[in-house]
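Okay, so subunit A shows up in both of these, paired with subunit B first and subunit C after.
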Partner chain A sequence: MPSFPPFILASFRIVLSILVTMIGLLFVTFFIGRVMPIDPVLSVVGESASLETYNAAYKALGLDQPLFVQFFYFLVDVARGDFGVSLLTARPVSQDLIRVFPATVELATVGTVIGVVLGVPLGVIAAVKRDSWIDQIARVVALVGYSMPVFWIGLIGLLIFYGILGWIGGPGRLDIFYVDMIPSVTGMILVDSLIAGDMSIFWNAVSHIALPAGLLAYYSLAYISRMTRSFMLEQLSQEYITTARVKGLSEHAVVWRHALGNVKVPLVTVIALSYASLLEGSVLTETIFSWPGIGLYITTALLSADMSAVLGGTIVVGLVFVCLNILADLLYKYFDPRAQ
Partner chain B sequence: MKPIRNLLLGATAIAIALTMTPAMAKTPDNMLVIANRIDDITTLDPAESFEFAGSDYSRNVYGKLVNFDPLNLPAGYQPDLATSWTVSGDGKTITFKMRPGVKFHSGNPVTAEDAVYSLQRAVKLNKTPAFILTQFGFSAENAEQTIKLIDEMTFSITTDNKYATSFVLNCLTSTIGGIVDKKTVMANEVKGDMGNSWLKTHSAGSGAYKLVSWKPSESLTLTANPEFYLGAPKMERVIVRHISESATQRLLLEKGDIDVARNLNPQDVAGASASSDIAIDSDLRGRLMYFSLNQKDKILSNPKVVMAFKYLADYKGMQNSFLKGQYTVHQAFLPKTYLGAIDDKPYSLNVAKAKALLAEAGYGDGFDVNIIVRKAQERIEIAQSLQNSFAKVGIKATLTVGTGKQTLSKYRSRDFQVYVGAWGPDYPDPNTNAATFAVNVDNSDAAKATGQLAWRNGWSIPEMSKATKAAVQEGDRDKRAAMYEAIQREHQKTSPFVEMFQKIEQTGRRSNVKNLNIGAAITAVSYWPVTK
Partner chain C sequence: MNTPTESGVAPRQETLRAWLLSDTPTSRKQAKLAALYRAWLSFRSNPMAMLGLIILMLLVGTAAFAPLLATHDPFAQDLAKRLSAPGVNGYILGSDTLGRDILSRLIYGARITLYIVTLVALLAPIVGLLVGTLAGYMGGWTNLILMRITDIFLAFPRLILALAFVSALGAGIENAVLAIVLTAWPPYARIARAETLTIRNSDFISAVKLQGAGAMRIITRHIWPLCISSLVIRVTLDMAGIILTAAGLGFLGLGAQPPSPEWGAMISAGRKFILDHWWVATMPGLAIFAVSLAFNLLGDGLRDVLDPKSKS
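What follows is the complex of A and B.
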């Protein structure tokens, strides 16, 4: 039996797990899409089409073929990098995804960064000062974050910060006269404007992303701070913490270096998952802020049975999950000396 | 606690940065920014487009042979890319003369060849709106013979029967009548699709505006055509942004970040109209609301009972309560602004009169009846209002609420008593509604004329059908209008349809925006006359 270096074997295992996950995901999405009581033909031709027009479109969509044949053809196309053409936008799905996904990435990344920067310290402090007023406030903040409906808090936020105070930009990614003024390189306006060196567009983009990203950050902050708190509580009751304290280490070093150092490992997984769930796109946030992201794209497509678009979007979201999982695994090894 | 201090510092820095961003400027003077729901656009090809936002686009990008003047809609169709037309003696052939000197956005001249190509193309592609043309007998097979080039600036179309010229020309004002640039479109043909897949996302017209970009469910950007034959439009750029929330549209309008909000709900209209910077326009649209009585039912087919029902709808009450700002009372089958539309409102809620009519018919104590209604808020509210007013004369009505598909299939199979429905016209000619409300030649179940509302209600009208068909052939526009007026007055008296409301649409605009015409019931929005 020929022996491969472990590095190749590991890569092979990763690729295989991605492939299996993706095919399973596509299989389920495809068949759910086909049994849904929505007629994709109607979204192409409209309600008042003649029977001839309807039948022509039915055939053109390949719906006269058996389901498994349709699925097979679909897989062949995907393997060739062809996700098909969206019924709703009349464009290749890959082109649509290149347009909508960066918008979501931008929003989710800013949201997650704020969520982590604020959420982790909040969780740590809440754990250290357990049952103090600061812990109570952290708890209320988190609970409110969990339970407030985004469409409400989003609209109120717009009303106050945009409508009354005028501190931030309104819905959309940019003010209307800045739209299309810089070349799209990454599709993320914050990055593109820096590349183009146009600071006025950058600051305009910041003023537009502040509120929606702030809202997403609030939700991930709520989750991350709760998880950090419980991880920290677990660590702080360990014997090595007592030992460290007995050895005369400062409380600061005990909490932030020793306890938090050990919390890093599970925390990475929590943050990765929370980031991944933001990358799926948030339909309500995207609707209220007219943010053309992937959540809205997939949902609209699903409601009109635009299966090419739904499946294309699913592939992207699936890949994101798989990749973030792998990344979390790698970071795990990096942070945990035992796993190296 | 160092981290906390750093955090506070960071947060303050962000807050200061945000406050320091420049104050929101108003939209530029040469730019019109509109908030609208544009996620119904799935194609920009005029031969395929059949949705509201798509018609808005096409009206501004594509010239047509004849078109409506946005500042004078009641005048009916006017010469556009065709300057004149003559009709042959048998009324079947119309010969068009094209307007000289007009250019497409590409710089190519607009010729008869482009017009012939555009119409043949629409017929051959046979997409959803193709019926608007094929109802005149054009088909993929005969298109070459029936739509014929005569010389560079002249061509003719020949229909299968004699039709009123106004009928044919009205249909040519709809989106499918858009004239495309043959050379540009054919240069982008793929696998014999006559440029369909290219034109879905590009423009090749001669209208006031050309397409800059269409980002689905995000924005549609147009730029003015400086060589537009009616003069360069004042608004050099028009941006339609997809904003689906009414409350968000209102905020943007109040801040002056948009000039026009197309989808304000009644609450937001009421809120926004308080500002002196904002004006609210109410425009009539084509959609009608009615209820109808199945004439296969023994009681409901009694003419006195039918008449009684017409006095049993609280028209004004509904208009002024839950339909406020969305529907206005209208009691005829042609929407106002259509050729031949009438504004007569002979009926109002009159319980005493209804009671007397029922007593004459022998139903003084009332009876039981079932109303089927689709699960949509305004329709259910209408049905409940009817239920209340029916109860005042002892008619006990039960409601059956179903999905659109369920109620429609009952309606189409004539398996109902009372139906609460809505009807929207398909093209800008009176025949679109007359052919369904006022034609039913064979009332047998076997006829299965499910496309005709009169048949669905089991209403046999040989005489009125004849009158409607005669109106389709009347060559004189004014005479034809008079014929429809007469048919509607008769229809008001005898039909089992109780027409109640016509849709109105409220548009919020900054008060400096002038001459914005939404298109009423017959056409779409026009950007070229707009000034700020």
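What follows is the complex of A and C.
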């Protein structure tokens, strides 16, 4: 293989490792769905089925085939976007997932944006003014964020801001009389209402998303500000910072241009990872706020033992998670001049 | 004139301290104890870490003496006094929808929390240690395959994977523990492997090899002991996450089953009444928050003591 230039080999290796991870991921879900339940046939035909029905279902599910053949069929199904039919909605799981996914993306995106806008400056200031009161506040904010159950603080938030103060909209994405008033283009109500030019719906959606997105933002702020702080501390102790100061640059330029400029690279990775974890964290948040996204879809399916919906949701979240991780990796390589 | 007890005790304490802090230990035992004592002194000087330790000791005490501390039977229902506010009808923290005393349920719930945390904190690092040291020491294909598996599990969002596991295995406390262990071991495997790689080529391992020790002996007797401290730090830092995951599973109805007083499940039970009867969901949440905060404080303190280079 001496004729291949190194970057082709490198990208081949990356593609291979992505493929292996994805297939591994699918294998785990396959294992959970088809192998672990005591009897997958019973969960389809029910306890009181006759022997003939049972055997027919056994064959129809492909359980008479060797395990690796079953896994192969499973892969083919997933590649075609076929996750089976949901027991609960009686529709293909893939259609359901497409319908609910934008709501989750909307929530996680708003959360991450707020988290970055507030978290990065907080981390920078905490690093520059180390051990000052603002650093202590940043530390407490992070500590509380790492220790608080999101489903609990969501309930308390609803109690205070919705129940007592009445500042925000309650659970759900819109007040009931606004639902389905505008055409769904992106599936994200904030965007759709702007496209339709309906500001009253937009502000209603804002009042509903404020609390769940604010909560997710708090968690990503805790993580992002912590990481920003430690990256900044590392940069600020470097010699080029001293050089920049000796050159007579303003403190502002030293901190926000020189130091933060170098922090940007690892920070991109952190932000991508925090976005991925918000997608995951949305499972509990969506349950609390009746937010009709993928998290609520999975938990509702769980409670009604709708296994194909659970696994379909798991696969999609898992794949998005993996893709975001890979994206973080690639962005790191792209932004880091040493890697080029 | 000193009484005999005073003169007898005070100097002995002084000598014990001096013996522990001596620069020239005379035995291996003294050196080990001295190292422990110094670590304790450094830990004690961190007030936040001490606060964490105290909260956790209170938790253990609460769990151990639950029958003595509880004012009511945690399962006894009294429908006439259901949803009493805190302080009303003799319920210090109020009563829930079936008229059960919330404080007593919290006290007994401490046992469940400790049970879950202990099991996970024992099992997950052991799995990680086995996988990591094996991969690191054997290298080659073993390393490649084991580390790929680790990566795959790391790539999965934890809570979602745990959800899927529990929903396949069936709800229950043991299955919740199993699911958390299955999602929590990969970071430990990574750490154990990294430690093994640095230890593997050191001179003392070569010396043991020359004496004829096999791979099993080297891994279990010489590599494992050296991996323990970094694993312990990581476990303590992860405890809060484990508690939150367990509570999350409980909240979704996948952990301990009713009428068990698991804290997450108690929040879930109070969810419907949050606007009118806030205490039912608030109290267990405060308990979860206090315990996971304590673990975070303790973990930060331990990290500073045991791993000085990561001080930030």
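Quick notes
Following the convention adopted for this analysis, the second predicted complex is superposed on the first by the 266 of 340 C-alpha atoms of A that agree within 3 Å, B and C clash if a C-alpha of one lies under 4 Å from a C-alpha of the other, contacts with A are read in each partner's own complex, and residues count from 1 in each chain.
Throughout what follows, a contact is a pair of C-beta atoms (placed from the backbone, for glycine too) under 8 Å apart; a residue touches a chain by one contact, two chains touch by 3 or more.
Everything quoted here is computed from the prediction, not taken from an experiment.
In the superposition on chain A, contact of A:Ile176 is made with subunit B only, not with subunit C. Of the two partner chains placed by superposition, only subunit C is touched by A:Ser147; subunit B is not.
In the superposition on chain A, contact is made by A:Glu52 with subunit B only, not with subunit C.
Of the two partner chains placed by the overlay, subunit B and subunit C both lie in contact with A:Leu158.
In the superposed model, A:Ile209 makes contact with neither subunit B nor subunit C. Legend: residue contacts after superposition of the two complexes on their common chain; A:Pro292 is shown touching subunit B, with no touch to subunit C.
Looking at the shared chain after the overlay, A:Val268 reaches neither subunit B nor subunit C.
When the two structures are aligned on the shared chain, A:Leu88 is found in touch with subunit B, with no touch to subunit C.
Residue overlap on subunit A between its contacts with subunit B in one complex and with subunit C in the other: 155, 158-159, 162-163, 287-288.
Put simply, subunit A touches subunit B in their complex at residues 43-46, 48-50, 52-53, 56, 86-91, 96, 99, 117-118, 121, 125, 155, 158-159, 162-163, 166-172, 175-177, 179-180, 203-204, 206-207, 210, 256, 287-288, 290, 292, 296-297, 300. Across the complex, subunit A is touched by residues 1, 3-4, 7, 10, 14, 17-19, 21, 23-25, 27-28, 31, 33, 39, 42-44, 50-51, 126-128, 130-131, 197, 200-201, 212-213, 215-219, 221, 239, 241-245, 247-248, 251-252, 254-255, 257-258, 426 of subunit B. Every residue of subunit A that touches subunit C in the complex is listed here, in rising order: 17, 20-21, 24-25, 28-29, 32-33, 36-37, 143-144, 146-153, 155-156, 158-159, 162-163, 229-230, 233, 276-277, 279-281, 283-284, 287-288, 298-299, 302-303, 305, 307, 310-311, 313-314, 317-318, 321-322, 325. Taken in their complex, subunit C has these residues touching subunit A: 148-149, 151-153, 155-161, 163-165, 167-169, 240-241, 244, 247-248, 251-254, 264, 267, 270-271, 274-275, 278, 281-282, 284-285, 288-289, 292-293, 295-297, 312.
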